[in-house]
Structure formats: C-alpha cells, structure tokens
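Several structures are given next for inspection.
Two complexes, one shared chain (chain A), two partners (chain B, chain C).
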Partner chain A sequence: MAEAGLSVPFESEPPPSAAAAVESPWRLAWRRFLRHKLALAGLGVLAVLGLSALLAPWVAPYDPNAIDLRARYQPPSWTHPMGTDDLGRDMLSRVIYGGRISLSIGIASALVAVLIGTLLGAAAGFFGRWLDGVIMRFTDLMLTFPPLLLLILLASLFGTSFVTIVLVISAVSWMNVARLVRASFLSLREQDFVEAARALGAGPVRLIVKHILPNALSPIIVAATLGAASAILTESTLSYLGLGIQPPTSSWGTMLQTAQAQISTAPWMSLFPGLMIFITVLSINFVGDGLRDALDPRKVV
Partner chain B sequence: MAPTQDGRVLLEVKNLKKYFPVKRGIFRRTVGWVKAVDGVSFFIRRGETLGLVGESGCGKTTTGRAILKLIEPDPGSQILFHDDGRVIDIAKLRPRQMKPLRRKMQIIFQDPYSSLNPRMTIGDIIAEPLIIHGVARTRKEREARVRELLEAVGLNPAYMKRYPHEFSGGQRQRIGIARALALDPQLIVCDEPVSALDVSIQAQVINLLEDLQKEFGLTYLFIAHDLSVVRHISDRVAVMYLGKIVEMAETEELFQNPKHPYTEALLSAVPVPDPDVKLERIILEGDVPSPVNPPSGCVFHPRCPYYNRNGWEVCRTQTPELVDVTGTGHFAACHFARELQLQGVTAMIERREARS
Partner chain C sequence: MLSYVIRRLLEGIPLLLGVTLIVYLVLISIPGGPLAAYRSNPRVRPEDLARLEKQLGLDQPVLVRYATWLGRLIQGDWGYSYVTRRPVLEMISERVKNTVLLMGVALLVTLAVAVPIGVYSAVRQYSLFDHAMTGLAFMGYSMPVFWLGLLLMLLFSVQLRWFPAGGMFTVGATLTGWEALLDRLRYLALPVLTLTVVSTGFYARYLRASLLDVIHQDYVRTAWAKGLAERAVITRHALRNALIPFVTVVALHMPQLFTGAVVVETVFAWPGIGRLFWDSALRFDYPVLMGVLTIGALLVWLCNLLADVLYGYLDPRIRYS
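Coming up: the complex of A and B.
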C-alpha cells in the first residue's frame, strides 16, 4: 500500500482504443477454431456433404430409385462412378440421397438428445435436493441397459418412421449430456457471479438462462457435435439390423445391409456407403475436437 | 446488548446461527453439524463501517451471506433491518418478500475474477439490477445510469461494451462495486473486497469505497482478515472466532485496549512497518478446533495463554456472554475481561523499544 496518503492514481486504463471492435468470448473462440487445421478440413468436408444432400435433386446424376435390370452389378465406370446395385440403380445417386437421411437423422437425434439431456441435467443441477436424486437415478438406470438391446426393443415397439427413429436414438443417448450439464450447473451455481445475481434478486429463470446456461454452453456444443457422429453410427446399426428406414428410401446404413450379400461379387456396393459413414463421422469428430479446444477457456493460447 | 432504541441503527443481528449438516454413508445420514455461525449478535449504525475480522473459516463470510439471505439462516436467528421506522426481520422473509429489500442491501465479492459473468458485457452486468427491479425502463435510461455508475467508480464509460476478461483485477473490482451501487443501496456487505488484489491496488479500492460512502451515505459491513486495512476503514470492529463474536468495540479502543485474549493475540500479529521494532508475537498453541465439535465453555480456552497459565475452571465449563465491559460500548465475551491486563498495539511496540 502506498505510504500514508494512499493517494495513488488510478491504474492505467486497459486495452488500447476503447472504441475498437469488441472481443466477445464467442468471437475469440471462433478465432481459436480457425487455427485448428483438422477441424477446418472436417468442416469443409461436412459442408460439401451437407450441400450435396440438401441439393440432391440437382446434384445426383440419376433418379436414385430408377431400376435398370440390364445394368445390374456394374463396377464403377464413367457412367456410374460408384457402380450400380442389385437392381441396376446408380450407386452415386443413392449415396447422395442416402446422405440426406443419414445426416438429417444424425443431426436431429443429436439435437433431441441434447435438448432432453440439457433440460434434465439443468433441472437436477440447479434445483438439487430430491429432484436431483430422482433425475440422476433415472439417468443411471437408463445407462445400465445395454444400448443395443434398448434400441432394438424400442425400434420394434414404435416402428421405423423418420420421427420414431430419431426419438429412439435420442432416447438411448441423452444420458451423457444430462450428466455433463448437471456437473457444470453444479459448479457454476456456486460461482460468485451467480451469487451476485441472486443478491440482486434474480429469479431462477434469469439465473439459468442469463447466467448459468451461457457458461455451460461450451461442453454442450461439443457434446452435440460428437453426438451427431455417434447418432449416424447408431442409425447405421439400426438400419443394418433391418430396423431403420425402410426401402425404397435408404440411408447409408440400409445400403450397407442390402450390400452384404454381394460383398465378394460387388464390393463397391458396400464400399461407398461405408466410406461415406467413415468420412462423415471422422469429419464430425475433427470438428468436435476443434470446438472443444476453441471453447475450453483453460486452453487460452 | 439492546441497541434497538438507538435511532441510528440500520441493521441488527441477533443470535444468528448457521449449522451445516455433515452427511455420511449411502443414506446420507446427518452425523453432525458444522457450527459455522453460532449465535452471532451485532449491530451496525447508519453510515458507519463495521469491520468483521477473524481467521479463515471462523464464519465471517457465512455471516455476511446469511444477512443477505444468500445462505438461509437457521431458525431462531433474527436479522432486523431498520427501514424508515419499520423493522423487518429478514431472517423470516420468503424469497419473494425478500426482493424489495435486495435494493437496499448489496454485496461486493472477494474474487474479482469469478464475480463477473464472463459472457456478459460490462454494460449488461451493471444494467442487470436495473432490469430486475424495473428501475430504468428504457434502454436509453439504463445506458445513462450505467455511464453514471462507471464514472462514479472511476472507469471510462466507453468500456461499457467490453467483456470482463479485458480488465485487470482492480478494474473488475470497480465494476463489481458499480453493480452493487446500481440500486442505491443503504447497506453493502464487503466480503474481503481487497484481499485478492495487489497491495498497490488495494489502496485505490479502499479509497474508492471511502469516497463512495461519503457521497452516497453508505453503510458497510467490511469483512476482512487484514487488520491494517480494517483499522484504516472501520469505525467499529467485531472480532470473530470459531463462529462467535468474541469482542466488538470502536476501532481505536479495540486496537489500543483489547479485552479478549484472542484479540490481543491477533493484534500482536499485525506487521509494523519499522525494521527496528520487533513485536513480541503471542503464539497461540495448537490449531483452530473443528467447528463440528467446538470446545466446551469458552471456545477459545484450549488456546488461551491466560487459561493455560491459570487453569480457571469457569472457562472450561461456562460459555461467556458478549457483554459491555466498559459500559461505553466495548463488548467482550471473556469471563475475565475486566481482570486481565491486555496489551494494545501501541503498548506492544513501546514495551519492546524500552527493552532494547
């Protein structure tokens, strides 16, 4: 402390140019993300996949369901870059249309799972006490079921439409999000800035929406991204077991299933859908890793 | 201790208690209680600063938070807020009833890094109390008020659109102070507001708090463990030990003429900025006992040098009350407060100098 008088001038004022662009935490995270090469590559691949799925009617060279029995089992060629299947349908067009189903089921299931997980985790973490006990014991219970068994059971009970498949997949995958959200709510609830808002008279809605949730968002975003990858895999599993989207519409998973009989005679039929799943899941995981690094405040570079 | 008649009293705390349950086993059975705050009573007059000192874990912070109902006080506690002739017992209010009172009492936190929401701009942080209480209705009104507040705490209003991570500890503490001031409160609980700051910045923040007190007629409950800071800013000081107040008096009276052996030991630990002076520190034996199972009688007796020398039985068997020892508002909770000849800060220094 300064001697006697305590008359110290104010600290030098901070950051240069008070009027310059505002560095919001989100913008900072985006800048960190841009430095992550693999994540950027993943994002690029996903953009291409997403666009071609979105614009399938214009991108696909053939009608994916047009049967041409004279052109069955053709290996990849200039007319059919990915070959044709057992009914002479163009594989490339089917892969593009299949991407629509696979991607949208993946994204929708991840969103629904994150929504359920966030709601339950937030309620458990914020209100605590008996509600926490009830919700978390239910979560533990759900985790004790082998997910595959649960999937088969639910899918055979509720059918195989798009909506039910999304609901079935999210029903077996929200638990980790719930645990994650609860944990960050528990620690954030004790932070001084939450306490300060409480001292100002903020109600539970304001505390959650304005103070706790925005600070818990980073792990949720990462979980949602990685969740989309595993949802795509889960969808393939379901389809492979014959519990997915029914023909003639097909996802990459259903295509794999029909291809397995010809794996030795027409390997391209399973190669390309499998490759697509592989590339998509890998890209999403890269993006997820990039997001985690960019959003983790402890890893400020 | 009955200052209710004193018209200048703003806040009166009576028998404040907060026990935290200790739970064990799979059934979370309560096996004991941490007596964080165990029957604390004090009062604060309008416009004064009451320093609350004590070592870590003695219950200072719990006391501060219980007053604001950030921690629910145990039944039987009374927190009387004297508001324009009315007396409101905060301890009994439900959260909804508490809201209007939140305009009148605010808090400043110790850690300037965790007390500001990293996802909100400075302007939004300071405007939030205005929104919650519907004070300034339009965006323009709010912005004007935020500007005013930032200037009041010595920050450039142009920083309104910036985020907390761009500011230093001292500046963040100013932002926290601006937020606490937004609703024109009467009482501010300062929970170690300078303990986390550099020493050079501490002085600025303390000066700011003093200036604001004069300007807005604020009343402070100043929680701290740094005795020189407390001596500088407080009108009166209360000393806590193991969840209880052991002594409370006017600042200079307490520093020069302590009546409780614990206070004497604390004072002997204050550093003196003179290399020639060496204080004879009173080293307390042992550790602070666990608040789960505090000692019988006077909670301080196992570490009290006078008890250990004389072995008075009453210290072990009876809990001393906090009584006015001098009749002039010097309270102490010691059976021998009147008999013991304890040394204040000046006496400690002089004795040493005389010897050398």
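Coming up: the complex of A and C.
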C-alpha cells in the first residue's frame, strides 16, 4: 500500500478523496465509460458479433458455401432465419462467416492506418524542422485526393486479396491520425517532464515511446475506434463496387453486390448483410463516442 | 484579401504538381506498363509494340516523360480512353453536368432540411427532439450509402412504384416543358433522398454545435435583454455568426458530395462522372481514371481555398496577412 510510507504513522484508513486520487487514470476512464449506456450496449453487441465470427464453424447452422439448388430464393423461415440466396446457400451462415472478413478487415485497416499515422505524426511533431515540413506536405497532398476515388483506383490496380485491401484502405485513411498525433507531440515535447527526462539522458526513441506517446494515447485510441467503423464501411463500399474480396469468400459488402439484381424477387438478400454492417458500425461509433467522453481529461467525474 | 487569394493560388502550384506526379507514378506502375492493353492484344505484333513505345516516348527517362505528360495535360490533352478511344476530357465533360445536377439538388435539399433541424436542436438543447435528432444523425453516419439506396429502391420503386429504380429520364419518351421536368424530378427523387438522409445528420449536428457556441455570448444576451422576440434573437443575431463556420464546412465538404456520387450513381445507374469512374475501374481504363482523379483533386483544392476565402469574407475578425 502507498500509505505505508506516509509520515503520519498512526493513520489507519486514508480518506475517500485520497483513495480516488490514487486511482489510475485508466480506471477512472473505465468508470466514466461504464456510465455511457449506449457505449456499453455497443460493446455488448460487438462482443456478440465478434464471438459469433470467431466461433463461426460452431455457431453457423449450415456450411456457408453449400449450394442447394432446390432451395434457391427461400424467404426467411424457421429453417433459414435469413432466407437463402440465388444458389440456395443459407444467408444466416453466410452472414456469420461474412462477419469474419468484414470485422477483420475493418480492425486490421484501422490498426495499420493508426500505426502509419502515429509513426509519421510522432516523427513530424518530435523532430520538427525539415522532417516536419516534408511529412506534413505529404499529408496535405494525400488529403487532396478524394479518398473514395483513390481507393477505387488503388484497389483496381493492386488486386483484391485480404492484405492488399487492408493496405489500400489504410493508405487513404492515416492522414487524420498523423495530424492529430503531430499536434499532441508539438505541445507535449515542450513540457517540463519531457525536459526532465531529456536532462536525465533519455534519447529520442525513449522520449517518444516512454514519455510522450503514453500522454498522447487518448485521442489515438478514439481515432482507432472510429477508424475501424469507417474502415468497415469503406470495405463494404469497395466490395459492393466489385473491388472487394472475391467469391466464394464473401464479406457483407460482397453479398450486397450480388443482391441488388434480385432486389424485387429476394429483398432479404439485400436486407440482412446491410443490416449487419449498419449495426456493427453504429455500435463501434457508440463505443468511440463513449471512449471520447471517458478519456477526455477535462471531464471530471 | 486579393493578395491572400493570389498567394494561396501560388501555393497551390507545388501541391498540384505533387498531385499530378503521384497520379503519373501510379499510371506508369500499372502492371505491364501503360501499353498493357496493347500487350495482351494478340493482333499487336512485338515490332508494333516497339514502334509504339518509341512513338510515345516511353524509352525516355521518367522525369522527361512526366514533363511531357504534364505539358499535354495543361494544354488540355488528357489522353485517350483505352476502351472507347475517345479523348478523356471529352468523356468527362459530357458526364460532369449530370453529376452537378444531382449533387446540386442533393446539397440544396440537404441544407433545406439540415438548417432548420440544427437551429431547432440548438434552441431546444437536450429536448426530446434534440435527442431524437442526435440518434438519427448517428444512424446516418453509420449506414452504408449503397445499402440505404437499395432499401429506398425496395420501398419506393419495387413496393410502392412511386419512383423509377434507376436512370436519368424515361428512355424513348418525347417529353417537353413541364412534363420533361417532372420526368427528370421523378428520376432524381431516390438518389437525392439517399444523399439527403446520409448527410443531413452531419450538417445539422455541426450547425447545432456552432449555434450553441454563440448562443451564450454577451451580444446574444443583450439582444434578449432588449426584449426582442426569440425569432429575432436567433435568426438575426445568433444564426448570423453561427453560419460562418457552417458555410465553410459546407464548402469543405463539397468534394465529398462528388465522391458520394460514385456510390449513388452506381446504385441508381445515374450517368454521371462517378459512374464513369466506376465503369472505367472495372475495365482498367486508366487514362479515364487518372483524368477523373486529377479533376477530383483539383476540386478538393479549390473548395479548400473557397472555404478559407469565405471564412475571411464573412468574419471581419479574421485578417489574412
């Protein structure tokens, strides 16, 4: 216990205010997050979606690629809760397996984008001078391209495997993180605690990783969360436009691409995959909103 | 102000040079090179290919080729489509007016809906209406545009048969005057509705926030203290200042409308520039893709400039030096 070293030897219990002051900022943030009802609900929904994607082989009632031509275009029923598609495949099973692709592409793209943005932003903000100039001009340049157009072009150029799609999505979405990280680094590097660490002989890598980055983490976490939401939307748009992961492995967006032709005869084929994207993205956005409130140091509980 | 605009225009030159350089580097990194389309054609002999390479100057260093390419670009020679063999600029200019029509109508409708919602949410902050609008705005951000388009198509054209599911006018019908206009409006309805639903939330939330910023300021309290009616306080005093950041945000987001066009035009088969881009992507028609991308970047840059200039023009406190 921290109180053991206090100069008042007979103090038994610390006053409640002191206990609150000892609590780490992350626990405080977690307590604030717990109050955000919508964010909690979002987290719950995401947990269910994530688990069903992870455990897809055990959760899905059918093989997602099993073709049954006698059971084509079946509307939702007890045997096929989300109906069947143009090849008689069970939509529910396909939606569960599709979640694997959509969620993993979304999360991977957001992580890679945040990694690129943090590296470039940290380098620009910490070292300043010409490096800052070069990196930030490049960031401006990338922001000048309309993102979706650049995305379609890159996807059509580099193909549609899992890795290329993740790289293409993160290539067009790291810029805001870079700006954000640079801004926090610019203000943090002038602070006394950084000066103190420098005086103790810490090198640039140690200063960045151990001293500045932990203090710049909150906005990065929020950006990563919201980035996953927009990456899932982006992936679905790419797939809908025919530039996503190729069949038979289908993401939710790919399923919608094939569904449009049957919209008048089999509307459930369009309804359910889109609903999954919508629910997922909405939940992530709620979580991101909750995190933003919880991690904001200016907010007091 | 004029000198500021001139300086910004000059500053744009290196930026646009960078943009064209990136576009050019992508263009030459196409698998198989710029002659890929000819290389896969069995009727083109290797000696023809070599002649073509010399003719097009492909045997020269990259920077020389870039300079030549850029020179042509400035003179309006944007190359020829691999698929239709027509000049790229001609194909683009044909489609631009359709996109401008769709985007212009969508923006007007969006603003007509978003401004009253934003104002009312700010004036009645934390009311039931405000909370409901916050929820709807969240749903708007989280929805895939094309899925919303599909749902609206399902409801309004498949089920209710009110509006056509795609296209820009009734093919084969010879309509004039009001009938032609009505026909065009019927085809505009669903794409415009889709874009409106998706972006209204964002604009309404933004206006709400900027109105809340000014609504507690002293000059607004003074207006209340003078005994003005709520309507006058809000519209004549508060809204005027709240609109300054709002207008710049609208200007900044105009390129996004252009991007949104790709998806909506694809869903509703609207023959605009977005659909041209998508068709070209599926056919690997790179000269057209590069052309549209360059125009898009130009548009982003111009809108950024417009936003800054508008901001300085509307807000006398901002001084550019």
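Here is the rule we use: the second predicted complex is superposed on the first by the 279 of 301 C-alpha atoms of A that agree within 3 Å, B and C clash if a C-alpha of one lies under 4 Å from a C-alpha of the other, contacts with A are read in each partner's own complex, and residues count from 1 in each chain.
The definition used in the following text is that a contact is a pair of C-beta atoms (placed from the backbone, for glycine too) under 8 Å apart; a residue touches a chain by one contact, two chains touch by 3 or more.
Since the model is a prediction, treat every value here as computed from it, not as a measurement.
With both structures placed on the common chain, the touch criterion links A:Pro248 to neither chain B nor chain C.
When chain A is checked against chain B and against chain C, the one touching more of its residues turns out to be C. Looking at the shared chain after the overlay, A:Leu256 reaches chain C, while chain B stays out of its contact range.
Looking at the shared chain after the overlay, A:Ser24 reaches chain B, while chain C stays out of its contact range.
In the superposed model, A:Pro75 lies in contact with neither chain B nor chain C. In the superposition on chain A, contact of A:Pro61 is made with neither chain B nor chain C. By the touch criterion defined above, A:Tyr240 lies against chain C but remains apart from chain B after alignment on the C-alpha atoms of chain A. Listed in rising order, the residues of chain A touching chain B in the complex are 1-2, 6-8, 10-11, 13-15, 18-19, 22-25, 191-193, 195-202, 206, 210-211, 214-215, 297.
Put simply, chain C touches chain A in their complex at residues 14-15, 18-19, 22, 26, 29-31, 138-139, 141-147, 150-151, 153-154, 158, 165, 255-256, 258-260, 262-263, 266-267, 277-278, 281-282, 284, 289, 292-293, 296-297, 299-301.
Within the complex, the chain B residues that touch chain A are 65, 68, 70, 98-99, 102-103, 106-107, 109-111, 114-121, 128-129, 132-133, 154, 156, 158-159, 161-163, 165-168, 170-171, 176, 179, 183, 199-204, 206-207, 228.
Touching chain C in their complex are the following residues of chain A: 137, 140-141, 143-150, 152-157, 229, 233, 236-237, 240-243, 253, 256, 259-260, 263-264, 267, 270-271, 274, 277-278, 281-282, 285-286, 289.
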